[in-house]
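Next up: the structures, one after another.
Each of the next two complexes has subunit A plus one other chain: subunit B in the first, subunit C in the second.
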Partner chain A sequence: MSAVEDVVTEAPAVEAVPKRAMTLGSGTSIVVLLLLIAVPLFAKNFVIFQLTQLLYLGLAVLALNILTGGSGQFSLGQSAFYGIGAYITAVMMEQFNIPYFLCLPVAGVLCFGVGFLFGQPALRLSGVYLALATFALATAMPQLLKLNFLEKWTGGVQGLVVTKPDAPFGLPMSQDMWLYYFTLVVVLAIYIFSVNLLRSRSGRAFMAIRDNEIAASAMGVNVALYKTLAFGVSAGITGVAGGLSAIAVQFVAPDSFTITLAIQLFLGMVVGGVGWLPGSIIGAAFIIFVPNIAEGISKGLSGAVFGVLLFLVIYLVPHGARQVAILGQQFAGRLRKN
Partner chain B sequence: MTQAQLAQGTSPLLAVRDVSVVFGGIVALNGVSFEMHKGQILGLIGPNGAGKTTLFNCLSRLYQPSSGDILLEGASILTRPPHRIAEIGIGRTFQNVALFPNLSVMDNVRVGTHARTSSDIISDSLRLAWVRRGESGVNKKVHEILAYLDLEDVAHTTVSGLPFGTQKRVELARALAADPKILLLDEPAGGLNHEEVYILGDLIRRIRDERGMTVLLVEHHMGLVMSIADHVVALNFGKKLAEGTPAQVQADPDVIKAYLGSKDQ
Partner chain C sequence: MTAVRFPVVALFAAFALCTAMNTAALAQKAYDNGASDTEIRIGNIMPYSGPASAYAAIGKAEEAYFNKINAEGGINGRKIKFISYDDAYSPPKTVEQARKLVESDNVLLIFGSLGTSTNGAIRKYMNESKVPQLFVASGASKWNDPKQYPWTMGWQPSYASEAKIYAKYIMKEKPDAKIGVLYQNDDFGKDYLKGLKEGLGDKAPMIVLEEPYDTSEPAIDEHVVKLKASGADVFISITTPKFAAQAIKKAAEIAWHPMHIVSNVSTSVGGVIEPAGYEISQGILSASYLKDGSDPQWNADDGMKRFYNFIAQYDPKANKLDVGVVFGYAAAQTMARVLQMCGDNLTRDNVMKQAASLKDFAPDTLLPGIRINTAPDNFAPIEQLQMMRFTGKAWELFGDVISSNLAH
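Showing the complex of A and B:
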């Protein structure tokens, strides 16, 4: 095969192979799924807890990915939706004794509403201005959660302790393990729905807006509607992730949902690869585990070490985990050819 | 041509009535009127700044005329928001190509069907049976159009990597996917070489004849306009200068003056 032909066959893979652009191949998906099912069986409770954390933070990163990677809108306010979802779940469970699996859909729907409404004023903003507006939302949220008149439900500054659910039907597994599998089912379902959404007519409308608003509008895409829908969907999924976190951590407090969380989610998205949904889980792993690794390298300078590691990632693979996956795919392809 | 001539007697497909556009103190269009009939290729010509693109943007509702009206099949389009223009049958391409650069050729053309399909985010997320049926219909149509415009080889290629001439054809394919009654082409020959322009002219005529479309062509390339248009409208300084067959407009003294200047200036 000549060099010219090589270029022709490989060029599209670098940009995006449409069918797989947002997802993994079926073979890879099955391997990842089997790993996610099997690993907790051989792990300690604390590790299982960390894996649960990985799943729900991955879900929150995925939500941001739909908004930014899909519709091209920035948000530094995801912590607000996350916090609302966590509080709705915690308050419903503790103050009204509603089972946890019913609280999550309520959190999702209410956060969708909040996101959709917030998307209305955000329509007039784009790029950095939108980032600033959502930043304002993130800054306001912890204080809103501390408000006096909400205190009898939210517990004010003290926060709220949440009871961890037992495994149902007398299943012989620990609370942590049950919660892990419960979270896995929820996250997988939402992942599949998200992939479907992005591959559908609505998803194409999101991406058309991201790439060129005027052309999208000329093709009949209601730009305002789809932009706010993207905000709603993203906020709804983030709300569910927040709800899962409340159940797993067994505690909600206003200061868990500050701008720092929003920035972590943003970081997770960039490290995982903007617009690549499977990267969300890798991004989440980065924000959970890399700070620990940094601390292992140097206790006093863990922040600086983290910064250096982050810098390396951005410098070496600017498109994040997605780029690594594509390079791996090309490498495997070349091995097969030889 | 005969088709167009037969249609002359009936009511026009598109009527531009006394349209004026004022930006601040500048009059970009000043009382322009003309009509388009089904099956016609109408060429809109004029020197730079004559108001061609302004008129074009009024037709696709990016600009609101200060006065006058634009009627499609007798109904005003001026109350419609820009995203509801495609559904009544007005499709367009853009002067400097406005594709969705990160999407594949196929997805670009799929977005073209947006106005002709429906869905909601819940059905899309769940991939309900009716959504799948809709998608297979869309795919069939997209494949037909890609084959028609000879784009099948690049169907899965990301648009940003394609040569300019191919991108222009993708834009045409995207516009065709919405089944427009009128196709608005904004300088389709811009950036193309001599041979490509010749092929393009042929293609536009074929689209008119085989797909029954009416075409409004805004173009600098005089050769292209004169060879394929049935009817030509010449603009200068926002006013209609002349109108008629290509031969009539070419012979019009005002048009010659606008393009070449005259001795007594």
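Showing the complex of A and C:
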């Protein structure tokens, strides 16, 4: 835990320009955006599907990043909010025939509510204790989803199959490609919202709490309110990510939202760089592709290989992708001077 | 001139004939993605990691079986390329791996993927993209639905089939029985209970108490007490290993001695009977369809001899006591049989057609008398089991092989 806390409390050299440190420069942003728009045009449907996965998992990591990197609270319970979002979307689409683009905001708002409420008791806890409380939430969720009186809607253990939407207006693109661009728009909107949120009054309040709770309350920050708010916002975004995953995977089942998912998201955040929003996508890429690479190296020992790779990352670049980005920037700067 | 012209005409005729024969030969050979003159690519998804990784033995046995086939020259001269991926028993990962197999590795079909919710996650995709999802390794009865899902087929007897066999047995042996059912409150338990009621038909009121339990409960003692109080003299325990053992113990503790039937899921001697106690487990009934690799009665059996040879030669690290190895061997043998029946017509359509026309096929490791039969309206390959009774330190098979088919 302490390595992570280091990042949170004594964030490295970039702390002097916290606003910029949260995001990419405008030039880099445009290049990344163009890549995200262009790549699917030349890729197979399966690759597009993987990229869609990358986007919505990136969104879920981003949500955790706002909570941990922004307000300094831990959560191992993100899989619960993710699952709730996925189920709300799937049930609305399949049982009530509501179009998918209306389901997502509902999932987001309801998850915000759940997160905000969960944040109330969680207020009394901090650090590892908070992590444990959220851990309990993640463990309970798959069982709650199997409850009998919900089975009418959720399909119980069998899960629920979701119909993938076709491209609207007769656009000549595959379902996968349409879903990718739809996801990209949603993710971009939420990313911009998040960056602005962290630059706003509320964002400064989050960071003040993260850096020193007592000092923050002395400055007049309503600690209780902002802590629960951070929980709510994070849960809401996670819910939208879960909803997108339900549409892309076309299936929800309690087994999809176990504690393993929560740990993966946590891992993604650490690898991407705590508190650095663009790192979320890199973190998501790590949790999607590295297990596949590990499996390619050795099927029987895929877990061990994954562990070694993860260890290498943590050992070599403890601050994750953010550190790599900073090193890259410094290197570029040095080149320019020469 | 004519003398010269004649050979030219003959040449043309011969050429035309050749072309005709050539196209005829081509017409006989038909391929979809994943099949060629030299190779057939088969996809598979297994939980090599995660909570269900104990089942990975099935995937390894299947891989070894295809290695054996390749070493012996392949199927109709084609080598099998078995591509098996890990989904860690997580449905979203199953979807990713299935798409990778179909769209990136271009497999002809996906064979023997494991799990109920994992297979449920890809069933729609497989049927929409018209790629066979053959011999699913799960006991749910929903894989036998050829009307709605013509590209998905199960393999092992479904929970419902097994329950119907118990119903038949009870109606024959104890027509005035009062049945108490303890069942796990999930798809497994409910599938079973439904099958039991279907099997009993209009005798369903023989069930005096249906008692559900949740896997989250630490102990199921009070349910067993309730079942005894209901006056039941047949106890059907639709439970997973831990709870099956608890139920055996509790029944003995409260001196309840009904005819005790446990589901095939919980027949492991090491996992259920031993922890419960050999003495109190005598006479417990269950049913099976696979030969037990540790049972010496099969030492002289031809099929099991081939199985033991296979382990020695191609999968020496496998534990022959592991039922997964016996299972994987038989499932892979069924798959090989279907591909053999396809001949040179390796289209996905034909694969499904052949899979749905298996007649009296008997893999080496199924109990004698159990045959695999399928038809265009019957996608449940194994529907027979044999009753067994726990005697001494092992299960003893008795009686005839019983079919779950209600007609006979």
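Structural remarks
Going forward, the second predicted complex is superposed on the first by the 321 of 338 C-alpha atoms of A that agree within 3 Å, B and C clash if a C-alpha of one lies under 4 Å from a C-alpha of the other, contacts with A are read in each partner's own complex, and residues count from 1 in each chain.
Criterion: a contact is a pair of C-beta atoms (placed from the backbone, for glycine too) under 8 Å apart; a residue touches a chain by one contact, two chains touch by 3 or more.
A quick note: this is a predicted structure, and the numbers were derived from the prediction, not measured.
Of the two partner chains placed by superposition, only subunit B is touched by A:L197; subunit C is not. When the shared chain is aligned, no partner comes close enough to touch A:L54: not subunit B, not subunit C. Look at A:K146: by the touch rule set out above, it reaches subunit C but stays clear of subunit B. Of the two partner chains, neither subunit B nor subunit C is touched by A:A138.
Once the two complexes are overlaid on the shared chain, A:A205 sits against subunit B while remaining clear of subunit C.
When the two complexes are overlaid on their common chain A, residue A:A218 makes contact with subunit B while staying clear of subunit C. For subunit A in complex with subunit C, the touching residues are 44-47, 49-50, 53, 143, 146, 148, 156-159, 161, 245, 249-251, 253-256, 258, 260-261, 291, 295, 299-300, 302-303. Residues of subunit A that touch subunit B in their complex: 11-12, 15-19, 193-194, 196-197, 200-205, 207-208, 210-212, 214-223, 229, 233.
Residues 60, 62, 82-87, 91-92, 94, 98-104, 106-107, 110-112, 114-117, 119-121, 124-127, 131, 134-135, 138, 156-158, 160-161, 174, 178 of subunit B are the ones that touch subunit A when the two sit in their complex.
Those residues of subunit C that touch subunit A in the complex are listed here as 48-50, 84-86, 88-92, 95-96, 99-100, 102-104, 116-118, 120-125, 142, 185-187, 216.
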